[in-house]
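By letter and in written order, the chains are A, B and C; residue numbering begins at 1 in each of them.
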Amino acid sequence: MSLLEVDDLSVTYRIAAGDVPAVRGVSLSLDAGEALGLAGESGSGKSSVAMALLRLLPRSARLDGRVLLDGEDVLAMKWGRLRAVRWSAASIVFQGAQHGLNPVQRIGDQIAEPLLVHRLASGAQASARVRELLEQVGLPTWRARSYPHELSGGQRQRVMIAMALACSPRLIIADEPTTALDLMVQAQVLTLIRRLIAEHDISLLMISHDLSVLADVCDRLAVMYAGRLVEAGPSSGEFRHPYSQALAAAFPTVGDPASRLAPRGLAGDPPDPQQLPGGCAFHPRCPVALESCSSTPVDLRPAGERRTAACVLVGEDRARGN
Amino acid sequence: MLEATEVAVEFASRGRRARAVDGVNLSIGAGEIVALVGESGCGKTTLARTLLGLERPTSGQVSYDGTPLSYTGRRLRAFRRQVQLVLQDPMGSLNPRQTVYEAVAEGPRIHGLPDEEEVVASALSRAGLRPPERFFLRYPHELSGGQRQRVVIAGALALSPKLLIADEPVASLDASVRGEILALLLRLRDELGLAALVVTHDLGLAWNIADRVAVMYLGRIVESGSTEEVLTNPQHPYTQALLSVLPESPQRIVLSGEPPDPTRIPTGCRFHPRCQLVAAGKGADACHTTPLPVLPPTTTGSEVACHLAQVPTPR
Amino acid sequence: MSNVSWIRRRRAGARFWGKFRTRTAGMAGLVILVLAVGLALIAPLFIDSSVTNVVSGTSEKMAPPSLDDPLGTDESGRSVLEMVWWGSRTSLLIGFLAALLSMVIGTVLGIAAGHFRGWLGAIILRITDWFLVLPSLVTALVLAAILGGSTATIIVAIGVTSWPSTARLIRAQTLAVEARPYIERSLALGAGHWHITTRHVLPNVAPLLLASTTLEVASAIVTESTLAFLGVSANKTSWGTMLRGSYDWGAATAGAWWYILVPGLCIVIVVLAFTLCGRALETVLNPRLRTRAA
């Protein structure tokens, strides 16, 4: 059975100006020990998906669908159970390591906090665990006594990862864990994440706008556009959906003659969730759109081995995949 | 066209002198796109500000068309028409209380150019905002990130500059929009002969648009040359390491730690404490003791500041 | 060019008015202010300064409200209604001009202190601090006493003692604005000090300034009344001098409540109206309080 099963998840923000459909029917599954990458641009709904998994969304958000974590529906959980699930079964590494840490509390105390809150350890056990965690993420143990401002961006991100690991969760959700980090530090953090999920047999859901970073760490990739999945498949294969292809081309391979002096992007901008284009939401920007794309929505359909894509141009004659 | 000679910029930082830029030679020719690559804190933004005349070098000089930059009002203003700036965050670079029209008209107004409305309209359409009249009365918050960056670029174009200095021009834009903005820079070069210095940490971006690449580490340029040469056949161990951590590269060299801060520049080669060759025992004594000379500005060949690299053959 | 900027200004004005209109308290304040200012302006059409003349008082002294004198009379038999009406001209004039003076000084010094970071800014800041710790009422009293009593003196006395808090506010805002990247962009476009401060800093502090000026007028009217009550006045009838008169002539012990209450209420109502307006302006104009469309 898969560890995480997301079934037809929708997130709608109710604001003064009306409903904003941020996520529109996303289904995902993640096996134990698997790493899944969720890619998309700002406004694609990828972060809303991540937050919805642990119900960390603001009150104005309405959730529909099912999120099964270990067979238990997160969306139907009582408050107390939900609190236990956060951290101990699944935990989140946020983007922007500056704001995720309390500036007036020592690193060690912040890492120990979930352990003490969930009564998983006594004071002495907790500080032993903190030292162990710091070593695991490659920080010297004396750093437990430091304050966040004494650390560099990369070190803070390591602390965030140590915090996520504290209660030995089975699933880690990492939301843009390397954004705003330098190339070399990003490589260090990615290496760390890769090592930790392999060593501890943790499942990972990693969210990023950078497909190449995701492909680096994850077994499978899913691409979101305008609140829906447009493609999902193994990270090794070729993309079939024109949007995924464009997203992949946005970060060129150094040394690839095709991209030399030829930056590629898409015309136009990601759509406003309140004014989504009809039919396939991607059609106004699609370089290969057909006439029918502006009127007929497309669901995910089989597009090769273990791959699905929501485009009329793939697997035209086959049955619906989803 | 624009040239930095032995430029150094120092700041006082907690009682110590921080040499943010520590001797740099760099030249940008007419119609040339140069990428200045480095990690945060390497001094690339300070160098860009110095080239713009927004920062005065502690020593060395910046010259434009062979004339050293003068920091008195009138001469500096004339220089400003030639060299323009595009910043990373397009939202922050536009005054939220000004319309698109006013933002683009700012330069022409400062310099008292005639036919303001015409200049603004043509700058906007050059930057890909067409028809320009539709954007005149919009406010920055009504635009998308890509459109905002186009407005910033239009604001620079309104002065018909010869050179654009772009500091991480696409870093805060959506992935699918990046390509279009970079393509715009290339198109402006082809149509107007506009040269550009692109400051970035993104090697893919350099590969996408730059003719030449200069790699900066801790206030110095450690390697420079044509994009193909530097990015496909890097000579400096630092450049090699940077390229090796790109996702598609087969073998990774992940350097440990982070660059030291510019108040404490290591002796000898400034890269030696993190150098993978030194760590592997392949270093020479000179790495620890002998400082390297400042690289000359190159427009043709490539240059490496490393004791271990073979002297590159000039092309 | 003027065409394009013009349309923008008109639109911005319409948007501002649309938002201000939804603030009930602010609108109430505005209506009262328009009434008060309007009445003060048209006063010369009906009465003149003779209503404040001691010898021209013809009615009974300290008479309670009656049909002849709807708000009673004072110790010389002058009509309190006519005095309050005429006195509003002095009170409002001093309030507006003193606030204006204080705002101009505060804005210029505040922007200068924020814009010029070097020794100039430091000196201005020290001067501001020095004025800030002076007890402003006492200073105003002394100033008015030294300069002699005229309307202009009172305005100057209030104006030069109340600017430091404005300067502080404007300086903080200037620093915040100048840290924004668009200032850097503007510098790269070739902008000088004048351009940066007038085109970027001033428009960004202007809303704050407008709101704060409105509040400042209220406080200037109170200060004027206080000064008058303490005996420093321009020898012209104002609400403050009327209060002073009621005190001097023992209106309270004589049971002449109308003599105290009417000018007092006038001050309270006008100050309240200014405050309501100022608060509403603050909410409508302050970008931090405003929810911006995404």
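FYI, a contact is a pair of C-beta atoms (placed from the backbone, for glycine too) under 8 Å apart; a residue touches a chain by one contact, two chains touch by 3 or more.
For reference, the UniProt names are A, B = ABC transporter ATP-binding protein; C = ABC transporter permease.
Small disclaimer: the values here were computed from a predicted structure and weren't measured.
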item: Contacts common to subunit A and subunit B (chain labels); value: none
item: Maximum centroid distance from subunit B, chain identifier (CA atoms); value: C
item: Length of the line joining the C-alpha centres of subunit A and subunit B, rounded to whole Å; value: 32
item: Separation of subunit B from subunit C (ABC transporter permease), taking each centre as the mean of its C-alpha atoms, in whole Å; value: 51
item: Distance between chain centroids, defined by C-alpha means - subunit A, subunit C (ABC transporter permease) (Å); value: 55
item: In subunit C (ABC transporter permease), residues with contacts to at least two other chains; value: 293
item: Subunit B residues counted as touching two or more neighbouring chains; value: none
item: Residues of subunit A defined as touching subunit B within the complex; value: 41-42, 152, 154, 182-188, 191, 209-213, 215-216, 243, 246-247, 249-256, 259-267, 269-270, 285
item: List of subunit C (ABC transporter permease) residues in touch with subunit B within their complex; value: 1, 4-5, 7-8, 11, 180-182, 184-192, 195, 199-200, 203-204, 287, 292-294
item: Touch list for subunit B against partner subunit C (ABC transporter permease), complex; value: 52, 54, 73, 76-77, 80-81, 83-85, 87-89, 92-97, 99, 101-102, 105-107, 110-111, 116-117, 136-137, 141-142, 152, 155-156, 159
item: Partner subunit A, residues of subunit B touching it in the complex; value: 39-40, 144-147, 174-183, 186, 201-209, 227-228, 231-232, 241-243, 245-248, 252, 254-256, 258
